[in-house]
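Notes for the one structure printed next.
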Amino acid sequence: MAITKVVMPKLSEAMETGRVIKWLKEEGDKVEGGEIIAEIETDKADIELESFGTGVLRKIMVPAGARAPVGGLIAVVAEPADDIAGVLAGAAAPSPAPAVSPSPTAAPPPPAPPKPAGTAPPPAPARAAAPVPTPVPAPRSLVRGPEPSAGEPAGVPGGRVKASPLAKKIAAQSGVDLRLVHGSGPSGRIVRRDVLGAMSGAPMPVVAPAKVPTVPGVEYQDVPLSSIRAVIAKRMPLAKSPVPHFYLTSEIAMDRAWELREELNALDGQPKISVTDMIVKACALALLQHPEVNASFQGDTIRVHYRVHIGLAVALDDGLITPVLRNCEARSLAEIAVEGRDLVERARNRRLRAPELSGATFSISNLGMFDVDLFSAIINPPEGAILAVGAVKVVPVVEDGRIGMGRRMQITLSCDHRAMDGAMGARFLQDLRRLLEEPLRLLV
Amino acid sequence: MSVMTYREALNLALREEMRRDPRVFLLGEEIGVYDGAYKVTQGLLKEFGERRVMDTPICESGFTGVAIGAAMLGLRPVVEMMTFNFAILALDQIVNSAAKMSYMSGGQFNVPIVVRGPGGPAHQLAAQHSQSMESYFYHVPGLKVVRPSTPEDAKGLLKSAIRDENPVIFIESETLYGIKGEVPDDADFTIPLGRAKIRREGTDVTVIAYMGMMYRALETAEALAQEGISCEIVDPRTLRPMDIETLIGSVRKTHRAVVVEAGAGFAGMGSEIVAFITENAFDDLDAPVERVTGANAPMPYAKNLEQAKTPSKEKIIAAIRRVCYA
Amino acid sequence: MAQAKAITVAPKVDAELARRLLSQMVLIRRFEEKAAEMYALGKIGGFLHLYIGEEAVAVGATAALRPDDYAISSYREHGHCLAKGSDPRRIMAELFGRRDGLSKGRGGSMHLFDKSKNFLGGHAIVGAHLPLAAGAAFAVKYQGGDQVVVCYFGDGAVPQGEFHESLNLAALWKLPVIYLCENNRYAMGTAIHRALAQTEIWRYAETYGIAGEAVDGMDVLAVREVVGRAVERGRRGQGPSLIEARTYRFRGHSMRDPSAAIYRTKEEVEREKQRDPIALFRGRCLKDGVLTEGEVKTIEKDINDLVDEAVAFADASPEPPLEWLTTDIFKE
């Protein structure tokens, strides 16, 4: 039977190392393909690591709490009879075996040099430069990387939704799914006002609307970067500067989409559809028609994608992450609603799996819920475009020479000029607009 | 209604009960000829004579035991502790004799005594004369513990305590003796033990406090009202039996609670109140219950340290803001 | 005021009194022996402090009281309670922890109370009931009664502050209380000379300016006589008395001290047993012809039956219902 090398997965372009939070299996346990065997902490999120092979977890190379470089061997899954000595030896090969001389200087892997955006994916894991830690006692001293900063958010490793008892009670009575509610209390605790806000669709004011902010006794404070913020800070210049952006803005009449959504949401037994879900579906259909916008600049070539994997920007307290909803072209609006919601919830709870954080071909960022009318987003390389969505507003509109009221939404497409031109983006937008203004098309 | 001081209200309660019931008599240090170290018993020797106003030598355990023995035979002694700090000397009598007599005699002998006197933080009296004493007593099954915050309560609750068939620990406050308030004139006016009082109605947070801390909580509520935070101040008045119903009712309304106590927090009144709020109103809570307590230190003499020892208005405000997420 | 001489005169005893005193002493003796047996059988738990050897004190003192006088005691109080007239069946049931016990099974051996007999209880914190006795006497005086209160305590209570506080208050307020110290020479395992700077306990009376007497606690008639004088003083408003009854416990401090041999010698115990108060009184009654052998045998048999009946009663009494866990904590 095959021997499966379990390696530290690469979960983002910027990820260089990952930390094993805990192993869910012990050496000797049986493992099915696809079974979750460990929890990994990356600079973006905590994710569940699944085994790609079936067999027995023969060897854990990186104990819980220790870090390993991306691509580094962290465990071996094989049949009991398989000889894994070669795999283990091979893993240690690239550098002097740290297990023999556990020196603290073997510690942090050198940071990778900044890569120009849009280059090819990184080389195979086997070429990882850093030594692979082996399970020796006190692994922390051996593999201690740059410590997560003190400003790291209070994670929710168990995936438990932190909510006040009252918030839970109200949510249960009113059918609000707490996993969808943003917690405004300490450490993200969901409190009553958050649930009430979620029910009414608008954030509730805090108890004291006339709250007088307490002024600290100091002039300023240097807040350490959270790990997500540090990654964003590192990556954004690499996304913005080398990628020549251009922007196309369009206004879309959302009246019919709004009505359709209300009709759909009035149906029993149907998942609730959000404006974002409709935009995702519309983008998927439009990108199928305009694959040149669903494209990545690769230096010598442009990769045109025929599947639509859409990255959905999700705001966390301490930064932004973009889980990927795959194969949107093949999903119904209802499926997009259900699966999109699940993905967003798990992103908020930091329970994403590795594949869900990478591989987008296009992204959508919606700041409508914050009442933003119009903004432009930064492309997330190697994707070629990103759609920035503003709020749906009731505004005066002129129709047939008469002033009336209408729901309008402004969207801005940011495009990588190396991969496409203005007209390509404009045609995509035209179709996108038609899909949303004649929303029954989203259902066929 | 008459306006009188807390001290006068206590004096009136004693006077009325002694007139009403010949079994009621007083004993304690300096309560007669000296007219009371804090003048609570002023004039009573003159009215009732030495038979019913007994000056005792300094022997808290001895005279408390005498009161208990007399109560076993049906008298209704009111023992004054010159300050409640001295009650520790009588703790065995209060805990092992008074509190348990009814139970261990199978209900044959009850002990209708009141042990009263000032307790809690006082002004620069230092470690041995300035401390919250209630926690020594309310832990004990068989004792009732009263902490009256206003002149009206002082009168109404003391009269109930004297009429009660059981030992009642009645802890007043040196710092409140001089405060004035309206007190019903009716000689039959009493306030039942075990009933809390809502001192101020509010909607956002329940603040539970008694004695000096209750007044501080009221000031705090005033300040926070200007920020839009509406505090409900609940004064338990009787710590045991505790009026859980009123407290829980308030917490169910406001969904938040802060307990303020002058004593040194650990295993204090706040701990108990937090526990029963959790037990009875967990699903109504929108925030953890906060305690604001005295520092975990004996009472210092120096004025600034003394102030730092007891919960400040600022600390109460901060706790209320935390539970209100404001 | 205080007198040192031990009473040795032999007052006249009629057959009725002799029968009563002997019966009560035998009852206490037999009851305690039975209690020890029941303890060994596991029917009685906790602490069990036996009064064997000291019977003449309780019986002699009670013989000087009226039924409406009060008595209060420490934790070695079975004898006092029996002497005061409580039902042995209900005392045994209390020791068994049963619902028909005097204190509903909630007090146990150390906390016998009987309001119907004016027995104010067994109190188990050494010295703590001395102020209560003063308080009871205070109440009698306050209400204008002429009863007295007898307070039994051991030599172990004498060093306690409450002994001195109580004597002072009782003397100060001229309370009708008789402090009757059962000096059995050991406070648990501490011999009196290791605990008291003044081992003549009756002399503390001088300090407080009250009447004090020592008496042979093995002589029931002597105790009755000395206590009788104290009772008269109390009734006449002459204040309290301190009586030191010199006695000896033949058993250990409690059932957990069965041999009692660490802190005293076997020889000493055997020597003291020669002065067994029951044997002394029985012998005297026989010698003086006040009682016959046959009468004594009848008394002993009747008492045996009474104690057997007490055990049967206690055994048959049900355990207290669980609701009683939380009743009587407060009186409504």
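Before moving on, here are some points about what is shown:
Which chain is which? They are A, B and C, in the order written, and residues in each are numbered from 1.
We take it that a contact is a pair of C-beta atoms (placed from the backbone, for glycine too) under 8 Å apart; a residue touches a chain by one contact, two chains touch by 3 or more.
Computed from a prediction, not measured in an experiment: that's the story for all the values here.
When the partners of subunit A are compared with those of subunit B, no chain appears in both lists. A simple rule picks the central chain: find each chain's mean C-alpha point, then take the one closest to the mean of all protein C-alpha atoms, which gives B. The distance from the centre of subunit A to the centre of subunit B, each centre being the mean of the chain's C-alpha atoms, comes to 58 Å. With centres set at the average Cα position, the gap from subunit B to subunit C is 41 Å.
If you average the CA atoms of subunit A and of subunit C, the two centres end up 85 Å from each other. Within subunit C, contacts with two or more other chains are made by no residue at all. Looking at the complex, you find that subunit A touches subunit B at residues 164-169, 184-186, 191-193, 206-212, 214. Of all residues in subunit B, those touching subunit C in their complex are 25, 51, 54, 56-57, 59, 61-75, 77, 92-93, 96-97, 101-110, 112, 141-142, 144, 165-166. If you check the complex, the residues on subunit B that touch subunit A are 204, 226-229, 255, 282-287, 321-322, 324-326. Against subunit B, the residues of subunit C that register as touching in their complex are 70, 72, 101-107, 111, 113-115, 120-121, 123, 125, 128-140, 142-143, 161-162, 165-166, 168-169, 172-173, 327-332.
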